[in-house]
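Below you'll find the structure I mean.
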Amino acid sequence: MKKFVNDVEQLLQESLQGLATAHSDLLTLHLDPTFVTRKQLPQPKVALISGGGSGHEPLHCGLIGTGMLDAACPGQVFTSPTPDQMLAAAAAVDRGKGVLFIVKNYAGDVMNFQMAVEMMPQPCATVLVNDDVAVERSTHGTGRRGVAGTLIVEKMVGAAAEAGASLDQCKVLGDRVNSRTASMGVAFTSCTVPAAGRATFDIAEDEMEFGVGIHGEPGRRRGLVRPAQELVNELMAAILGDLQPKPGSEVLLHVNGFGGTPLIELYLLYHCANQLLEGQGLKVARSLVGNYTTALEMAGASLTVTLLDEEMKSLWDAPVHTVALRW
Amino acid sequence: MNTQDIIAAAQAVHAAILGNEQQIESLDRAIGDGDHFINVRRGCEAIAAIMPELVPLPPAQAFNRIGMKLLSTIGGASGPLIGSFFISMGKELEGSPEPDAKHFARALVAGVEAIKNRGKADLGEKTMLDVLIPASRLLLRLADEGCDRDTLCTRLKEEAESNMLATRDMIATKGRAHFLGERALGHIDPGAKTSQVALFAVCDMLTVGAAS
Amino acid sequence: MKKFVNDVEQLLQESLQGLATAHSDLLTLHLDPTFVTRKQLPQPKVALISGGGSGHEPLHCGLIGTGMLDAACPGQVFTSPTPDQMLAAAAAVDRGKGVLFIVKNYAGDVMNFQMAVEMMPQPCATVLVNDDVAVERSTHGTGRRGVAGTLIVEKMVGAAAEAGASLDQCKVLGDRVNSRTASMGVAFTSCTVPAAGRATFDIAEDEMEFGVGIHGEPGRRRGLVRPAQELVNELMAAILGDLQPKPGSEVLLHVNGFGGTPLIELYLLYHCANQLLEGQGLKVARSLVGNYTTALEMAGASLTVTLLDEEMKSLWDAPVHTVALRW
Amino acid sequence: MNTQDIIAAAQAVHAAILGNEQQIESLDRAIGDGDHFINVRRGCEAIAAIMPELVPLPPAQAFNRIGMKLLSTIGGASGPLIGSFFISMGKELEGSPEPDAKHFARALVAGVEAIKNRGKADLGEKTMLDVLIPASRLLLRLADEGCDRDTLCTRLKEEAESNMLATRDMIATKGRAHFLGERALGHIDPGAKTSQVALFAVCDMLTVGAAS
């Protein structure tokens, strides 16, 4: 393993200190327990808190700020944070209008946030994001995973909260955005959890993992690498099969890099995906391309489509000022 | 059983986990996200660090303290599960300064019940519960029957070993391995493995290096 | 080689089409010859044009927009663009106040831009960026390479041009910012030029290339990987040795990822570098952390320090609206 | 020499470049940035695509057109150098519909001179010039001496080969290899290699498959 690190045990904390120092205008780092808050807490509003394992940067700490999150609880790399972090973060950013947790649907995240919710004195609600269509819904299982669509939920709910929406309204909106969002990805390489020191999975020089998760978890199947347009076609078939958009619908297209794929390829994917959507009579009304929900240095990318309506478009367009998103 | 035993058991488990690093880590790499060993080790280290605090506490409070500490240290799926396990054990043992084997068995059952509730899981879902549920039931029965410690430990280990191995042929319906469907076949569940390792460590401590 | 690509020959064009579509509010793509311009050309101002081989994205096309570049000429991956591109770009964005080319100091870039300059009808000037201290100055050679400091030159000169500075003033400013900027990097892995199909260099599992260039060119030496703080100390010794800042100076600290290193590590590097600078009595007054001047998917990072003064600080702070930088 | 010869030579060079892909590519990977082969191939393909346009042109204009095309296709360091080379050759041959060997030799010298000016480089800097300068000088001398074509080509090839190999022991003071210092020792310069390959191709075409 080759990484910029001093002591693996200190990696997360040193990195968070760097983040908070580099963005001291935006962020405040709290330790024991660890969480990051927005520097200027605005007028009373619903407090939005997210969190999850680290290694997906800029998600979630890079999404704290005006029009988005009020706090984030980073866990160890790929390991969900703990209830004490969530309780402390909630206490720090609650403005008396309740706390909304935005949680990616993984057993660990769900259980830790659930325990925090059970211990919380404040009114609170939780939006579970489960946009990954790679792993089918099933009645028995834990359900689908939350991946790059999380950012879209956080952006739109963030805009609503900033505009004064109530806890209930934020919760309903978050669930709605989630239900209109679908994602799926493919990886060419694995990633290496620093504390583990070796790649999470082995993959041959001509193979890809189709439907991979954002922790390097296996997805639908292992297959041979194919041309980008074919991969996009297959990913989009799964995504649109799930969303069933009406012809003429407006959509947001998000091409998300997993960390190790250069922008030149992400924009090529965007080109392929955009042409496919337009070819199917959909209108790509909003776009986002870049490394936002990463899996450390994994090479690969996911496509996310969100069905838009007028409200969602204006929530997407609303001002945002965070480390990773700003307009 | 007293708090000294709990501390000795925690140390034995810690050593055993470290001794099985390779296998535990590779299992979670195969059907999870590769962090289970690190998570559990982080938990063990946190407990080692609060040993002095535990010494004066009665078992119920020691378990509670351990559970709360693990809850705020491990994270991931295993953190709330293992944390709840110890917190519930502590609750069951409240008011009992030196619980006997039967009472301890009931506490173990209560702890496992807490895992089931927290994880909304049960037998056959390819999780730590596939080791823990049968083990807690067996302990309860053997303790009720007044079984001697050596036999009890031997039987518990046999049970844990075979149930751990049995997860290899299961399709997961909980945890990350669930996303793999049939591809999880052929791999032991990492949480089942750590549970078996922990049970072995405690049993071995009780039968070989027993202090009380 | 595993990349998102259809036909390697078409990669650059398809990617540029994706870029221009995803950012159609900001950018216009021109083909035959290839260049990208700012959508809204503002009031008469000095036209700023940069360019170079592709594979360094978001540099340069991601830096086109208000307060920065007016156009960029992307070459093939790691291959400088050609004079016809520069001439066409200049013709498209010249507003009658002259054209300033900002060029990274590589033989290919220098010669191609130089030929364009010789053929240009418009008044023009060139700023050569050569911030890389890894490869020593020498009287005979081509001189130092231009790397991540280029963005800083483009930002500050961009702000000045936007504010109405003349061609001469922009040229003088660009040279000044360049002379006050020094960079050096280290890589853990190589990168793969798509058309070549295999890694540019081989490197062992425990080795790093110290002083690497942004094309995966070798640098000062090959060595064993060491803890992040030690690497930062050595990089900074070279950088500060070059800049010789007075105690108490204000600096801009830019940690630039080469593409394959996750943000969690870049922020750790920032933490180490920031502490070192502050420990030496310097004040880190401005910061930039992220993947800006990349070498495709190469794992590694560079540190850049710019000595600031009041003018430079306000030029850095001036509004910018591009794909990659916005405030 | 007429434009048919130029076209045939371009085709021969194109084929020879493709035939040496491995070596050219690995040289620029070793001491450059790995794109030299691709750059040169892109140039060859662009010329192949404009062949029909070249046919009716006199040599001077054909060289000019080739040079302008390469200038806008190759990019990198080699683009302006090779482009300038052909443009200057064209300029030297202006007004001459079918130049003789001596005139062609003077054109080659002018082309090489253009590379020197454009790249501010000379002999011994580990670049293509280390092959091209001696080759152009030799050609000029042999053409002046009225040397026969076969001997001339043999001598040119010997010269190009040994000068190409000699770049192996040079430290670069121009181009990307310059950044490597002593680490460039032991590697032939990629531009010197393509120059040798191109010269060989033209010589072989003239001596073996000569059309005129």
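A, B, C and D are the chain letters, set down in written order, and residue numbers restart from 1 in every chain.
Keep this in mind: contacts are C-beta pairs under 8 Å (C-beta built on N, C-alpha and C of every residue); 3 or more make two chains touch, one makes a residue touch a chain.
Small disclaimer: the values here were computed from a predicted structure and weren't measured.
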Request  = Ignoring chain A, partition the remaining chains into groups joined by touching, separated by vertical bars.
outcome  = B | C, D
Chain C and chain B - chains in contact with each = A
Message = Let me spell it out: compute each chain's centre from its C-alpha atoms, then which one is farthest from chain C's centre?
response = B
Request  = With chain centres taken as the means of their Cα atoms, state the distance from chain A to chain D in Å.
outcome  = 54
Ask   = What is the distance, in whole Å, between the centres of chain A and chain B, each centre taken as the mean of its C-alpha atoms?
value = 32
Ask   = In angstrom, rounded to a whole number, how far apart do the mean CA points of chain A and chain C lie?
value = 29
Query = Considering chain A alone, which of its residues make contact with at least two other chains?
reply = 77
Task = Could you tell me which residues belong to chain B and also touch two or more other chains?
result = none
Query = How is the touch graph of the chains shaped: line, ring, star, complete or other?
reply = line
Query = When you check every pair of chains, which ones turn out to touch?
reply = A-B, A-C, C-D
Query = Across the complex, what residues on chain D touch chain C?
reply = 25, 29, 32-35, 37-39, 42, 71-81, 83-84, 118-119, 173-176, 178-181, 183
Task = Using the touch rule from the top, collect the residues of chain C that touch chain D in their complex.
result = 33, 53, 75-85, 106-108, 111-112, 114-115, 134-135, 138, 140-142, 145, 193, 195-196, 198, 200-201, 213, 215-219
Key: Contact footprint of chain C on chain A as seen in their complex   = 2-6, 11-12, 14-19, 21-23, 54-55, 57-58, 62, 77, 188-189, 205-206, 208, 225, 227-229, 231, 259-272, 274, 284, 287-289, 291, 294, 296-297, 299, 301, 326-327
